[in-house]
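One structure coming up, written as structure tokens, with questions to follow.
Chain lettering (A, B, C and D) follows the sequence in which the chains are written, and residue indices restart at 1 in each chain.
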Amino acid sequence: MRRASIGARLADAGVLVGLIVFAVWSIAPMVWLVLSSLLPQLSLIAQPPQIGLTNWTLSNYLAVFGSAAALGQGIINSFVVASFTTAVALGLGAPAAYALARLSVPKSGAVVLLILATQMLPAIAVAIPLFVIISRLGLIDTRLSLIIVYLSFNLPIVIWILRGFFLGIPLGLERAAAVDGAGLIRTFWLIVLPISVPPLCAAAVFAFIESWNEFFFALILTRQNAQTVPLVISAFAGQYQTVFGQMMAAAVISIAPVIVLAILFRNHIVRGFADGMLKG
Amino acid sequence: MPIIRQDGAVAARAEAPAPTGTFEQRRRRVGLFFVGPALIALALILGYPIVRSLLMGMQNVHLAGGHIKLHWIGWANYDYLFQDSGFLLALRNTILFSFGEVALVCLLGLGAALLLNHRFGRFGILRVFLIIPWAIAPVANAVLWKWILNANYGVLNAILKSLGLIDHYVVWLGSPMRALSLLLIVDVWKSVPFIALLFLAGLQRIPKILYRAAKLDGANAWNQFRFVTMPGLRTTIAIAVVLQTIWSLRVFDLVFVLTHGGPADGTVLLNFLAYRVTFNFLNLGRGAAIANIIFAMSFVLAILYVWLLQPRRRLSS
Amino acid sequence: MNHALRYPSRRGFMGGAAGLAALGITLGAGTRPSAAAETMLDVFAPLPPDPSPPGAAKFSEAAFQAWQQAHNARVKYELLAWPQLHDRMATAFASGSSDWDLVYMCGWVPEFLDSIVPYADKLPAATVSDMPASSFKTVTVGGNRYGAVFTLSLLTLFYNTEHLEIAGLKGPPQTWDDLKRYTKELTRDGRYGWVLDYGDSAGIGGTASYWMCFLQQAGGKMYAEDGMPVFNNDAGVDALQIMLDLMKLGTDPGSISYSGINDATNVLLSGRASMMMNWPYMWKPAQDPKQSKIVGKLGGAMLPAGPAGTASIDGTDAWTMTKHCKNTALATNLVDFYLSPEVQKRQALDTGWLPIRLSVLADPEVQKALPNAAVVLEQAKHPYDSFVTANYNQITQALGTEIQKALQGKQSAKQAMAAAHDQVASIIKQNQ
Amino acid sequence: MAQVELANITKSYGPVTVCHDVTLSIAAGEFVTLLGSSGCGKTTTLNMIAGLDDPTSGEIRMGGRRVNELSPVQRDVAMVFQNYALYPHMTVGENIGFTLRLRGMKKTAIRARTEVVAASLELSHVIDRLPAQLSGGQQQRVAIGRALVREPRVFLFDEPFSNLDASLRMRMRAEVKELHQRLGVTSIFVTHDQEEAMSISDRIAVMHRGRVEQVGTPEEIYASPATRYVATFIGSPQIDLFGAVIEREGNEICCCAGSARIPLPPGAVPDIAQGTAVEVGIRAEHVMLSDNGIPARVRLVQPVGPSTHVTLDWECGTLVARLNGFARIETGTQTHFTLDADHLLLFDREQGHRISTH
């Protein structure tokens, strides 16, 4: 015990410093984000910015809620679109990933690459054809149109992530389940899914946040009714004037639900599972 | 590793074929049942747009005067691009950006994951910190950084000056190389969280017993990292590298808001160029050609990385 | 430890997902208001504070209601932040499916020519005759007027009167020499004499368009009669040279990185720059103590004269009509309403966007509230060509990039003009 | 309990053939071990018996009925896996009871049955723990419990003890053997550890490069290996081998290596031709040190407790002799040895098969 203490303490100190650097790096810009949402424009364009407490004001937030930009509706839209996209992406993606990792799919290597390849074409290239399809279907300015499009972007990533994790599951578990009498579907449902909670959460968080924040297709495919949060936020940046404080206030409000989700699921996102399993 | 198909002749010889079929037949049946819906969904949504884009790269599609004029021109779009200095500059910028991004994001992501996986790093709040940069809408993020980096009233200059690190305010986005580097840093900041999350999930899949075993074998921290962590993360690294490559080639919002490609086209990345050519110049064919080049680059890089990161021997007994 | 607590129940996890899915389906099928017996007009416009019509921006709302009732019409606005307007429009037009009747445009008429119709001649003569004839220049193609500019938006000079006084400078700069001298004198105490956004090369308000002001002041022009570029001459070089001189003499070095005019405006409004060219809209926010430290200290003047006198460019905020317009007569009538004297007056007084009608510009009340109206009106008597063509974006992109390189000291004005000329010529040839 | 038969089983993955024409018959209630080094095809064979892999050709029968198309549960086999393969998200009780749950048994009934099994394996006190909270031996017993609770027709063991330390392995071996004696269920055991195979099995099938080299009782395999490979694979220390040539003088047949002439007992190699080149094998316990005989030099002395292994250098290579107890002998001394001719094994030098009658 004693022998290791100096080295161990140094290592611990290193980890602590690393964690502090990491925390500062992650949140410093966000601190500025929150701070600027509390400051009037004049304080923000001062040199240096006047961040004293006396300058703080809620006027940006009041303006955001009072303005024509429908942030509330945007949040509802984003929430519906993101939740549904996430649910469907996982619902379709997890079995597909499992099949590609462990079951017999002809040319599975090529299929995986093909699925991933759909992600490689920039959105800009598919935007106009997609717009044509969506408008022919009469789905312009509906949440459904966004869900459909986001699904196509998130599904491949979900499959690619989950497949990698499924590949890492010890073969023995599935064999044991087969011998125990579970068919392939039940093995997937009762054994594979429950032990894949961390990657499932990672994939779900990914799909949720990406759909929550997607801008380009929301811009093209929505009008007023299905506008999502990013569009609402972008409304604060005009040509002749950017109301920075208000935009940041809107941004803070729009992150809040995601942060709440992150707090609620912080254990499941990665930890809970493996820790409980292996702490011993 | 795919298992070779059950010989049809043998199945036919079965005296009393059971309803479920052989193991392999069941694996295939369930496999198709599992993978089918996802493939059909993707094909329905993206099939036409992707084919259309690939074809459009060979067409002269110009929204001249609001009307689409279309005719086939073979490889002319590509011929043009590879002689166009603007395209070549964007290509160079993109290659620099992409390699820098993949390397930085993966290294920092791995570092963050290792820290968070340490016993000190297991506070839930740190995990929330991890998500924050990623959760902010890219539009807001870009504007946020635009203000942070502003040469006149930006907070970065103010902080650095008050710390005595700079004498006079720096025009962060003033020269092409510096602007490109800053774009890279901002994008890395935003991209690290997800990759770190991925690594964290990957780390937690490595059985702790392996570390105990390695420790007993006298492995120090570095050796544990090298011989237990890294091999254990192989698939995860492959996933991270491939995804980040694809994403780095698709960076758009930041360029659009922060620099608009300037100064002097120093921060034009291929995806932004594709956007500019498609939506500003309304040359849909050439825009599609650029998009297809991005597509090809992603594809080649993805295959290359997957191949490089493949476990060398993969035998099941 | 009870393991059941540690694991999220699978059923809960998936069941929740399925529930959300069902919710999404029911909510996903959006609700679009069904058309009533009244006529619907769809109008695509920018969000305020960019130039927005009555009912969208807060002015003439009662009159707008009254107009709708009188014509048994309902006007539905689709509003979008200005920077995104062009993309949504391009997508809709490129795929041949837009359901707008009236569309706001800013120098994009030649680009989207086949999607819009020349309707402006059908506007009442009384209206048209009250508008500057030259305002139709950027919306006219092949002799057909495709749009009606609804706000007189020319670049003019804005300056900080207090700074000029401190420096002992009397009145705004009148000539290029004045401008250079002023810039130098005003650059002191951590302030800069001149600020502008040179970060974005293309478009109206991009680096290339600023140069076009100087070009016209130098007596040059972009194109010959045959449409080919003719700016690679002394006028072109001089126009760029003064930008380079200003850079050396006291331009905020950040200017090269500002990619929108509001970045530069903030520097002026915070009192750390003394002069800039800007659009008339600037006046109102500068008088707002919430946004401006220079309330009451802002002066306006015509742009300093070059060898050929003063000149500017046109912001060209205009209403156009799409070819899918459901009711052209009613839509034309709506534009005429937007252009009516009372709406124009409220537009000026309530939003700060100048009217286009000469009679309203001359209105004492308007002139009193917006002292720069007179300046802009005066500026409008001199050339203000924005040189908008179908390839405007591509041309200004190439041109602006060469100008930026010169501003960064990478090449001389002469080299920049030569390079830009070749590129512009090749773009035009390619697209012929 | 059921008879298990493998008839001409071949398994290929693409161009790689893992099992060649494996034929094996296992009687009901018998304990048979598939023994071989890694990559010999034994685990693949076991997986095919379990229904976790399909043979490319050939037939698997249980209780006389073809089962190729049946799932593991229809075959009614239970299996213990190399790394235990415990479900990490289930407690010990849930792990053991999982198969019953899949059959739709009532919760209370599952619990009752699980508890009985757990008690029989001394797992009662950990029944609500997760696998990660158990020691290696406990995990192993859970894995066995999971198989036991089924009361299957056939037990399959896939190197179940390879992760355990030596003493635990010995104990588990004994437990499994007792279990088999108690229940009498047909058991097929896979291992690469010849000692384990010897100690536990009724019969052993030695596999090499995808083929079954020999099937027999431990004694047969040890004393009468069918091939040189089996001879070398079985036994510790490894069997001594040296090249020799047959010389016939009338009825007497000798085996000559260097200057040594070893007469063979009558009938050992009835029809062998003069001058045939053979490979001679002899177990260490049949090499004896003596005052006269074949001269040799002591190279190495390794006491292992009950016996001492003495490595000898002689004219035709090295031999290991096993002496009882702690032998007092110095390294480097000159000595002589004799071979017990009754236990000489002669192998064909090219083909490697045994040519002596036992």
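Just so we're on the same page, a residue touches a chain if its C-beta (ideal position, glycine included) is under 8 Å from a C-beta of that chain, and two chains touch if they have at least 3 such contacts.
In this text the structure is predicted, and so the values were computed from the model without any measurement.
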- Query: Using direct touches as single steps, what is the fewest number of steps from chain A over to chain C?
  - Reply: 1
- Message: Can you tell me which chain is nearest the middle of the complex, judged by mean CA position?
- Response: B
- Two chains sharing the most contacts, counting C-beta pairs only: A-B
- Using mean Cα positions as chain centres, tell me which chain lies farthest from chain C. D
- Approximately how many whole Å separate the CA-defined centres of chain C and chain D? 87
- Cα centre of chain A to Cα centre of chain D, whole Å, reads 54
- Note on the structure: Whole-Å distance, C-alpha centre of chain B to that of chain C, is 36
- Message: Centroid of chain A to centroid of chain B, CA atoms only: how many Å?
- Response: 14
- Message: Multi-chain contacts only, two chains or more: what residues does chain A have there?
- Response: 45-47, 127-128, 183, 190, 194, 234, 237, 242, 273, 276, 278-280
- Residues of chain B engaged with two or more neighbouring chains: 3, 24, 26, 152-153, 257, 278-279, 284
- Message: Where in chain C do residues touch at least two different other chains?
- Response: 3, 7, 87, 91, 94, 266-267, 270, 272
- Of all residues in chain B, which touch chain A in the complex? 2-3, 24, 26-28, 30-35, 37-39, 41-42, 45-46, 48-50, 52-53, 56, 111-112, 115-116, 118, 120-122, 124-141, 143-145, 147-148, 152-153, 155, 157-158, 161-162, 189, 193-194, 197-198, 200-202, 204-205, 207-208, 221, 235-236, 238-239, 242-243, 246, 249-250, 252-253, 257, 271, 274-275, 278-279, 284, 287-288, 291-292, 294-295, 298-299, 302-303, 316
- For chain A, which residues are in contact with chain D within the complex? 170, 172-173, 175-183, 186, 190-191, 194-195, 273, 276-280
- Per the touch rule, the chain A residues reaching chain C in their complex are 40-42, 45-47, 68-69, 80-81, 83-88, 90-91, 127-128, 131-132, 135, 141-144, 147, 189-190, 193-194, 197, 200, 219-220, 223-226, 231, 234-242, 268, 272-273, 276
- chain D residues touching chain B - in the complex, by the definition given at the top: 12-14, 38-39, 41, 43-44, 51-58, 65-66, 68-71, 74
- Message: If we count contacts the way the header does, which residues on chain B are in touch with chain D in the complex?
- Response: 1, 3-4, 6-7, 10-11, 14-18, 20-24, 26, 315, 317
